[in-house]
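Here's a structure for you.
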Amino acid sequence: MPAQTLPQVPIKKGEPAYKLWLFEPGWKGELPLITNPRELAEKKRPALLPGHRLCAGCAAPIIVKLASFAFRGPTIVVTATGCLEVATTIFPYTSWAVPWIHNAFENSAATGSGVEAALKALKKTGRLPYDHVDVVVFAGDGGTYDIGIQALSGAAERGHDFLYILYDNEAYMNTGIQRSGGTPKYAWTTTSPVGKVLPGKMQHKKPIAEIMVAHRIPYVATGTPAHWLDFIKKVRKGIEVDGPAFIHALSSCNRGWRHDLHLTLEISRRAVDTCYFPLWEWTPETGYMLTDRSLAIARNPKLKQPIEKFVELQGRFRHLLKPENRHLLKELQEYVDQVWEDLLNRASNAPR
Amino acid sequence: MSQLRGWKELPLGAVAFRLSTDYKTGDWRALKPVVDHNKCVKCMLCWIFCPDMAVIWDGEKIVINYDYCKGCGICAHECPVKAIQMVPEFEEG
Amino acid sequence: MAVVTPKVPPEKQTLLNVNGDEAVAWAVKQSLVDVVAAYPITPQTIIVEKFSEFVANGEVHTEFIAVESEHSAMSACVGAAAAGARAFTATAANGLALMWEILYIAASLRLPIVLAVVNRALSAPINIHCDHNDAYGMRDSGWVQLFVENVQEAYDTTIQAFKIAEDERVLLPVAVNLDGFFLSHTLENIRILPDKVVHEFLGGYRKIPKVKVDYFDEEVPLTLNPAKPLTFGPLDLYDYYFEHKMHQVEAMKNVPEVVREVNEKWYEISGRRYGDGILDTYGVEDADIIVTVLGSTAGTVRYVVKKLRREGKKVGMIRIRMFRPFPHKEIAEILKNAKVVGVMDRGISFGSYGQSFLDINASLYDLKERPILVNYIYGLGGRDASPELIEKMFKELLEIAETGVVKEKIRFLGVRE
């Protein structure tokens, strides 16, 4: 690795990147939230180390990397079984520079609850050498929408102080692209393939973020790695808030969505531009608030792109571009428009 | 991985005992990014977006860490001034 | 075994009139437990209810997580124990079945969690009464399993469980089994030790063991520690999984010694011990007929043994207190001179025998001279095992000893045809 000359604090010259994440007992303070790219490159290091074995062009490590830029101090990460967990911890290697635990598939929120409770008990009895340790849970759509929803809902209801980041690649990607509750309608997956009779998954994507809003937890937001500044700020808010926070991050998968490797961020951008995946945040005090590009689109509806712009880059939707499937594409467009209108009606900062 | 450890040498609790920085994923590449420093405006987007933490800012210029770069091409695609080109990793023929 | 004056004589111990569940709750109260994550299921409910009272009154520092399922209960305990907390949960029957997946994970991650299982039958049909099939179902999971006979022992063993689990030679989770309703809902007078004595016995709060990884020069605490980050629960391919399982095999080998030690240490402070901690025997020295049993029915068996011995019959009994790891050598040593052995199982492995029968069989196979083994399945779904029924079993065993003929190897005690 070429020698890096870096400013002293908080990174020491020549020291490996992971040492940034060693918080000596008694550490106090708060890591700053840096939004300037140059400053970020100089002062921050990701909590995810290189050498992980996620696919080339995967959005999940970008999401984890950006999230770790927003960590404010000692943080414990819990991860559900899935692409992220498996590819970053193939024994004996680990790509995590922070304390990390993987338990099972459906219980990342329950495990996070246990960690959070343990930290409270340790602090109460003077055995925690820090003012505060944050708990961040990363789970895929598999471990959240379907098998993991019980644990998530329970943890949200009990009010544990943690941030749950859902990296949604819209199928059970790690086991080979099977459909999940997060797969959009008409998407091809191996368990909802496009055949002579059925054109892919026949059910709509479960509105997981709205389900979390219904729990009335202190903070819910959506984000994508392409809108990195928006995402980093939301992660920080999620960590700072006292109680459960939920961020739904769109994590494109070039293997499962069948797109070119380099288009990972382009696709996230188009997901937002077509209002397929609007960017918003919600708190009990402010209600829905559009952010970033979605706010711009609300103010200037001409910026909204047709759903083809999102669909055309992905092989999993290829059948929708055929002339005989025009009606399916139209249905999808109507659905996206309907959900977008609904969001505009609810968002407190959408123009009336 | 040459010599695999026996169970008596493995750490308690099945915790991982090596950092993945020891595992070089650079040999996954078919394309590799090459930075034109004359065009680079040092916006840091390639550093921000690289999924493999393979873009380094050394204080003066952008350097690609070819030990880990998997050749996904995101940096080249996202660069606003097209300062990064993806070239074939291997010579033709 | 030496007889000593206990450090805390009976007069100095507090007399409580409680049921098995409450006794467990009291034990947990005194054990400086950091996190309790539990979900109610009959007949364990009183444990969580009683403990919730302690929490609500500020009598414990414990964080009580009212989880939304047993699966989440064990998952939360895993998270808590990994973060360095002393963790406890309790369940029964189908609740245990639901957390089955995580039991294996808890044992493999070497987390010293203590689980109280109030033994109850598994559905279907749904039955809330006593049965050991739930505990037997987890016998392969890598947990240490102890079975108690009475409410006093439920209190004593729950505290001992933390000490056994956290011992550096063990570092395995421990399940304390008490019979549903027979113990959980039955009042007994028990003696409990002063808080300070229990704290001292356990060495205060949980101590974290150390581990060595390549990227730190010295050993670091095996916990989720922001000063020395570790990765718990990695992915193993076929190149390492087998080796990791050997760690658990080795740890299990150390358990009997620790159980015996803890049994003796408890005796020194309380005046109570249970056999040698592993097996509790009565009348086996000269017995031709020996019956093995787990749990509260041992009390009835002992009563019948005493009665028959007064009549001159050479009978004896073994209560198996530590079921996992199974004490093969110790059992063989005791049973080798018997003529006929009746193995009582309050559960059955459908398509095979009772679960302790299989292990006892394995214990005796290599002996040159082996007793005749007969398996008695009894008490499923809370069916009462009365003294008369037990006596009937002994009469059958005595007859087999006479004739040397075993008509059925597996018999069902107390079922209507």
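Residue numbering begins at 1 within each chain, and the chains themselves are lettered A, B and C in the order written.
Everything below uses one rule, namely that a residue touches a chain if its C-beta (ideal position, glycine included) is under 8 Å from a C-beta of that chain, and two chains touch if they have at least 3 such contacts.
Note that the coordinates shown come from a computational prediction; the quantities given were computed from them, not determined experimentally.
Among the other chains, C has the CA centre that is most remote from the centre of subunit A. By number of C-beta pairs in contact, A-B leads over the other of A-B and B-C. Averaging Cα coordinates per chain places subunit A and subunit C 43 Å apart.
A straight line joining the Cα centres of subunit A and subunit B is 22 Å long. Chain centres here are Cα averages; for subunit B and subunit C they lie 52 Å apart.
Along subunit B, residues 5, 14, 16-19 each make contact with two or more other chains. Listed for subunit C are residues 215, 230-234, 236, 240, each touching two or more other chains. Residues of subunit A in contact with at least two other chains: 18, 89, 91-92, 94, 97. Those residues of subunit B lying in contact with subunit A across their complex are 5, 14, 16-25, 28-29, 42-45, 47-54, 56-59, 63, 65, 67-68, 70-74, 76-78, 86. Those residues of subunit C that touch subunit A in the complex are listed here as 34-35, 37, 61-63, 65-69, 71-73, 75-85, 87, 101-102, 105, 205, 215, 223-237, 240. Partner subunit C is touched in their complex by these residues of subunit A: 18, 21-25, 27, 74-76, 78, 85-86, 89-92, 94, 96-104, 106-107, 110-115, 117-122, 124-125, 127, 129-130, 133, 150-151, 153-154, 157-158. The touching residues of subunit B, when paired with subunit C in their complex, are 1, 4-7, 10-19.
Residue ranges of subunit C in contact with subunit B, taken from their complex: 108-110, 171, 209, 211-215, 222, 230-234, 236, 239-240, 242-244, 246-247.
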